[in-house]
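Take a look at the structures listed below.
Two complexes follow with chain A in common, the first pairing it with chain B and the second with chain C.
Then we have the complex of A and B:
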């Protein structure tokens, strides 16, 4: 059984395995750093800990926009480092059986999976996620 | 505890180790360059010594902010000489525990250019902690030797 947090960016659905999930926060004003990578929206203070907040729009190749009050920051961790992921909307946590995900992966509108690696956000096709 | 001088530069809150700070002066005493020099705004005459004033905005590819009467020059002590930077507003000093200073390389993705600077949080504000030696490139290093 795969438990995934479903989220949306400009109507495009992505999913984060709940094993990465720390918490979901309303979007806050971020501090920008000189020469920050363009896929980083800024940094935030989470109870004294500084996190880099990744712009999922940039990672997904979508048009950039200003942070809005309705946006959310998904705080995720791979067990080594925490980071934030800025998204438009959180949908729900859903559970999928392996065969359901396989069927979904065959759809041209299949959602993609967000994973963490080397302090970065990776977007994976559902088929690749299932193969791993 | 680590002690930092805090200031604002182009709307970014910044911090410098106090041991690196030689002195602070009003920006009215600064001589802008008539000729553009790589990464340098001009020179500051400190008791006859001409100290290059580093252009942080250009170095960081930010939209430059005009120097005004409220700006201040922070003269920094480096291994190989002295250099100055312009601050919009020098705030004061803060003390933080070393474990509360996070190197940017620890939070930014692996594989991107190594970043010598750090971040710290003090009273809920994030400060960008400058590693001035890490800012200097070969050309500025040459200026210090000139």
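Then we have the complex of A and C:
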């Protein structure tokens, strides 16, 4: 059984396994840092903890955009570090059976999986996710 | 001319008759010679005959003149009768015009009243339009408030949705023990979605209401303009009616005066006609008198002739 948080960036659907998830927040104004990487939107303060917020648009190869009120920040953790992921829209937490995901992976419009690895965000095809 | 000639003859006859009577008195006082007496008588008879001739001429002239006068009087009477008929016709017409003018005056008064009523009606419509505009304005404000409430509900739905997602994440983290909680989170999420759908429905209806209100506002504005124009027109019509009624009033007064004077004219002409009839009668009497005078004088003339012949016979015997 796979539990995934479905989210969307400009109509394109992504999913984050709930094992990475901490919480989902409404978007807040971010502070920028000198020499911050291109794919980082800025940093935020989550109850005293400073998190880098990744711009999913940049990761997905889409044009940058100003943060809107309706945007959300998904707080995720790989057990070692926490980071924020800036997305347009949160759909829901969904439970999938293995075969459902497999069937989904065969579609040319299959959603992709967002994973965390080495303090960074990684986008994986559904097939690769299932192979792991 | 005839009159002056007659006068001349009369004067001549008077002078001669005086001379004759003087000679006669002288002659009768010395009644010694009868022959001389007859001669005098003969002269007197001649004179009488001559005078009778003169009177006959005058009487004939008088008869001719009086006939001419009678003819002229008859002609004048006929003309006056014709004038009377014309005056009667125009008097009747003046009466008709006067009656019409009175009717028109009443009608114009009614028209004036109607124009006033129209003006009052327009003002009432204007007031209603103003009230309508006010009502629509209130409706617009209330619609705005409803929109704000919907925005709040929408916001709450979104927060609920986020809360449900976070609850689901917590449930997932709890593993097997969190399964029940995951169901609750799912229920909260579907409630949030239902709220969102409902608010979306309400919003679309509200948008229709807003559009309808805007259209109603425009229409009432247009209506107000039309009503304002109508009011101006009604005012103009009312003023025109007042002017019209005024001139009607004057016309009616004039028609009434014309009727009265025409009546007086008719009476006057009737009196003239009666007078002319009297004149005609008198003229006829005159004519008759002149004829009688002429006949009498003719007889007198004949008598003079007879007398002359008689004296000549008497004179020749002596």
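Here, the second predicted complex is superposed on the first by the 132 of 132 C-alpha atoms of A that agree within 3 Å, B and C clash if a C-alpha of one lies under 4 Å from a C-alpha of the other, contacts with A are read in each partner's own complex, and residues count from 1 in each chain.
The criterion applied here is as follows: contacts are C-beta pairs under 8 Å (C-beta built on N, C-alpha and C of every residue); 3 or more make two chains touch, one makes a residue touch a chain.
These numbers were taken from a predicted model, which means no experiment stands behind them.
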The answer to whether chain B or chain C touches more of chain A is B
Who does A:108 touch here: chain B (first), chain C (second), both, or neither? neither
| request: In the overlay, answer first, second, both or neither for which of chain B and chain C A:48 touches. | output: first
Would you check which partner chain A:3 touches, where first means chain B only, second means chain C only, and both and neither mean what they say?
second
Report for A:83: first if it touches chain B alone, second if chain C alone, otherwise both or neither.
first
- [ ] Identify the partner contact of A:93: answer first if only chain B is touched, second if only chain C is, both if each is, neither if none is.
- [x] second
Is A:119 touching the first partner chain B, the second partner chain C, both, or neither of them? first
- request: Go through the superposed model and pick first if A:11 touches only chain B, second if only chain C, both, or neither.
  value: neither
Within the complex, chain A is touched by chain B residues 12-13, 56, 59-62, 100, 102, 104, 106-112, 115, 117, 119-121, 124-126, 128
Chain B partner, complex, touching residues on chain A are 31-37, 40, 43-45, 48-52, 81, 83, 118-120
Seen from chain A, its contact residues with chain C in the complex are 3, 5, 18-19, 21-26, 70, 72, 90, 92-93
The chain C residues in contact with chain A across the complex are 158, 161-162, 164-166, 168-169, 172-173, 182, 185, 189
